[in-house]
Each structure stands twice: as C-alpha cells, then as structure tokens.
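Presented sequentially are two complexes of chain A, the first with chain B as partner and the second with chain C.
Now for the complex of A and B:
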C-alpha cells in the first residue's frame, strides 16, 4: 500500500448524477469555473493533448498532458505546478480521475501521486481537492456550487 | 482512557449548511438512519455518556463513550463494533467529527484514530465506508435525499480482523 518512495492522495465521493454529466462538469470550462474558484482547464481532451489549469487572472497554475483518456470513464493527466517554485521543482505528478456508475450515482475517485517521498505538492493538493469536489457534487445535485468556490481564491 | 490514539484515516467534506444543521445530522437518529447504513444513533448528550449505533430492530451495531460533546463544533466518541462477532474483540477506536464554518459553508472533518498499529486491511473498512457515509450526509442536508450506496466489506478485511484477534498485537509491549 504505502510505497516509501511515493506520495499519494486519494479522494472518493459519490454524486447523484450520470457519468456523462459528471464528465462534462469535470472537463468543460463553463462548469469548471463554478466549482473551481473560477479556474478552468485549457485542454482538447484527447490522448497526448497538452493540458493547463488556468487561474481566473490568466496565470497558468499547472501544466501537463493527457496521458490516457476513455470518456466518460477515466482520464490520466501528467500534472506539474507552475506557480509555486517549491512545488514546481518536485517535478511531474500523475492525476487519475475515475468515474464508476452505481445505480443512480457515480463514484468519483481522484488519485494524485508523485514518485517522491513526503511531497509538498501532494500535501498541497490534499488540502485543495476536498472543497473543489464537494462543490462539484453540490453543483450536480442542487444546480448550485458552493458559493465560496465561485469566486477567485484569496491569496 | 489511558490509550494514546493515532489518527489513521481523515476524510474532509464541505457542506452547504450551518454548523448546527451538520451537528444535528451527526447526532439525531432521524438523520443518521438516512445516510449511515440505516443505523440510528443513540447518544447521551454529555462527555462520558453512552453512545450506540443501533440496527432498525434496536440491536447494537456499535457502542462506545462520548469523549467530547461540544455542540456545534466537536463530537468525539470511542467505537467498538458489537454487531459482527470477529470485530468485538478489537480495541475500540476513536472517531472525531470537527465542524468549522468555511465561507458560508461548513467544513466537516472526520478523523478515525487507533491505539495500536492497525493493519491497512482493517483500515480499508473505514476508508471505503466514510466517503460513502459522508457523501450521503451531504446529499441529505443539501437535497433532502440520501444516496443508496451498496457495498461489501473490502476484500481481506474480515480475515485481517480474525488474524488480529488471534494474535492480539495491541497486547505486545510498545
């Protein structure tokens, strides 16, 4: 389970929605902005395509590439931080997004991992994902994302 | 309680509700029945009070003691699984809910802590269960409707519990 040379973060949530609606919310900028502090992903969503997470003010937060993609079930991104030097220098992480339908729900699993121990990058994403994914769940189940994630993040 | 509990599993979720609503959802049987595998909470609302999770027919699934009762911020209690024979001999664990306001919503943090070096195969039960339970709690508070999530105990868990009960690693000197 715990490889001492790796750091990883896994988050699971269940959302009452369909895989296609969840896929659209995860990949389309107009949905991203609502639950991701106005950030959005600039990507063509096909294997090998470049990928960037854009902040509301136009800065690039993270960049990478689509390593694998199988809509609406799974995608894997190469993901490197671009705006915090101490995270950038840790190199490229891998993010896997898995959508598994279960009755009238989808089980969503986000796995973020990097090949180094005690990663600051993994620590940072561990505190970031829960509110973003909770807000995504609210958006799909109630039509409204969490208010705080609808505006750019402080700091 | 003399044992020292070490946090092994932490799950964080954000809910569009007030701290008081989240507190009620955690401590009122009418709510827990909707999202916590059908179990009704039965808790004496004070530190040191008795705590149970009961099956619909009243039998005890889980029992424990309230370690902290601080509405609407922190609810912490010890847990002992009574409803499954293999599990009854495990040392109790400590489950703590922290409720914090977070920009118009609530941040709920669940921490499951243990007094011995629990095997990953045993922790897998909580790691599988908490996301389902707390995703359901969020849906109940935000939409009025819970999620019907079916699941089996993770592979290897019951076997790991049997092995631990046979070997009692918590009795070794630490």
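Now for the complex of A and C:
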C-alpha cells in the first residue's frame, strides 16, 4: 500500500550523457545557474556537509545537509524550505538523486519524500522539477539550457 | 517521443495517469480496486506508460509503487507549445473562456 502518512513523488528523465557530466551539472554552481533559474547549491558535497539552495538575489531558498553521497551515482539530501513559512513548518524532507547509466544514456531519478500526508512542500517542489529537468537535459544534450530557466524565476 | 504520444492516445491510460495524479505512489492492487478494468488490462497499460516514462516505479519491499512522471509531458510542452508562443495560446484560451462565459 502507498503510505497514507507520507507524501512523495518520483521523477525520471533519460539524458544522453555520462554519469560524471550529469553529476557535475547537478553539483556545480556554474552549471546549476544555467538550468535552475540562476539558483545554485552551496555545498561541499561530502557526507554530513551542510547544503543550501541559493537564489539569484542571495536569499536562501532551502537548506539542509548531505545525508549520503556516492559520486557519481547517488546523493541524498535533507531538505527544508526557508522562505515560505507554511512550507518551513512542515519540517525536513528527503531528496534522493540517483544516476544510472543505460546504454548511451543516464537514467536520472529524483525522489522527494516527507513524513506527513498531503504536504504543501511536496506539492510546491513537484511543480518546480519538470522544467528544471527538461532544461538540464537540454543543457547536457545540446550545450544550451532552456532560455526561461537561465534568468531568475518571476515570483 | 513517439512512445509518449502513443501512450497518451488511449483513454484508459489517461485515466490511470489521472488516478496517479490524484493519489501518487499506488500499487497495482490499489489502482485496480478503483477502476472498471481487469487486473491484466491495468497491468498492460501500466507497462506501456512505464515504457514511455510517463510512470516511474519504485520497489518498496515486496511492493511496486507507481508514480506519475510528468517530465516527458513537459518535454513535449517545450518542444511543441512554448516554441509556438505559449503567450498567444494563453491569450486565445482566455478569450475563448470569456466568450463562453458570456453565453451562459
């Protein structure tokens, strides 16, 4: 049974690239900015390190910690929203990024989960990921991210 | 992309996606319980949706949970809609809505 006390989603995209290139795009600020509305992650990418998602204007969107990391295959983050009170109060979610090579592609699986039903946080992040993933795919396959994700997101 | 269009060109499969949208992460049993389709048919449709990457599955113990994966739909949106000026399409659909409201 799906757990009624949890909220979660799983997004999958296949990208024609290598695990190392995808890992770099996911973890390095200069790549993040191109497909993530100029946002970037402030993190040392080792187990236990603190993690922050920084918006273009310097605000902290979300913060957390690296729970597990196995480059270039998998990382798990503790993830808590910092700029919308109703999302912040829901507490900490887990985000897992899994990279699996398949022929000339890499299957990227992003999972977000939180231990509460009908989470507003999960709803908010789930609506954000598809275009970010589409842009990441475009960046790696064509060298160019989608135009719309290259500038700060209109709020 | 052919696989996505083929997968979406079936009302039963679109209904399965709607069910997952309403309640994400369901098992085959849960999906079957709420639909007027045989288990075999649901299972076959899910396989086609998974092949098209519209459904992602996660194993949890002995169970397989099905999640709606909207990423390919977004890719279609980028390829076929944004390119042809989403702004104008939106203006048209708003015009259509306001005209239809007036008829009521």
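Simple rule for what comes next: the second predicted complex is superposed on the first by the 154 of 155 C-alpha atoms of A that agree within 3 Å, B and C clash if a C-alpha of one lies under 4 Å from a C-alpha of the other, contacts with A are read in each partner's own complex, and residues count from 1 in each chain.
As a working rule, contacts are C-beta pairs under 8 Å (C-beta built on N, C-alpha and C of every residue); 3 or more make two chains touch, one makes a residue touch a chain.
These numbers were taken from a predicted model, which means no experiment stands behind them.
Visitor: In the superposed model on chain A, is it clash or fit for chain B and chain C?
Guide: With chain A aligned, chain B runs into chain C, so clash.
Visitor: Kindly classify A:67 by the partners it touches after superposition: chain B alone (first), chain C alone (second), both, or neither?
Guide: A:67 contacts neither chain B nor chain C.
Visitor: Would you sort A:78 into first (chain B), second (chain C), both or neither based on which partner it touches?
Guide: Touch status of A:78: no partner.
Visitor: Answer with first, second, both or neither: which of chain B and chain C does A:103 touch in the superposed model?
Guide: First partner only, chain B.
Visitor: Does chain B (first) or chain C (second) touch A:141, or do both, or does neither?
Guide: It touches chain B, and chain C stays clear.
Visitor: Taking the superposition on A as described, I'd like to know which of chain B and chain C A:16 touches: first, second, both or neither.
Guide: first
Visitor: Examine A:111 and indicate which partner it touches, taking first as chain B and second as chain C; both and neither are also allowed.
Guide: second
Visitor: Tell me which partner A:8 touches in the superposition: chain B (first), chain C (second), both or neither.
Guide: In the superposition, A:8 contacts chain C only.
Visitor: Counting clashing C-alpha atoms after the superposition, which of 3-11, 39-47 or 57-65 on chain B is the one that bumps into chain C?
Guide: Answer for the clashing stretch of chain B: 3-11.
Visitor: Let me check the overlay on chain A: which residues of chain A are in contact with chain B and also with chain C?
Guide: In chain A, positions 1-2, 11-14, 130-131, 134, 137-138, 146, 148 sit in both the chain B and chain C interfaces.
Visitor: For the complex, which residues does chain A have touching chain B?
Guide: 1-2, 11-16, 102-105, 130-131, 134-135, 137-138, 141-142, 144, 146-148
Visitor: Show which residues of chain A lie in contact with chain C when the two form their complex.
Guide: On the chain A side, the touching residues are 1-3, 8-14, 109, 111, 129-131, 133-134, 137-138, 146, 148.
Visitor: Once bound in the complex, which stretches of chain B touch chain A?
Guide: 12-16, 102-105, 107, 120, 131-132, 135-136, 138-139, 142-143, 145, 147-150
Visitor: Under the touch definition given earlier, write down the residues of chain C that touch chain A in their complex.
Guide: 23-27, 30, 53, 56, 58, 63, 65, 67-75, 78, 82
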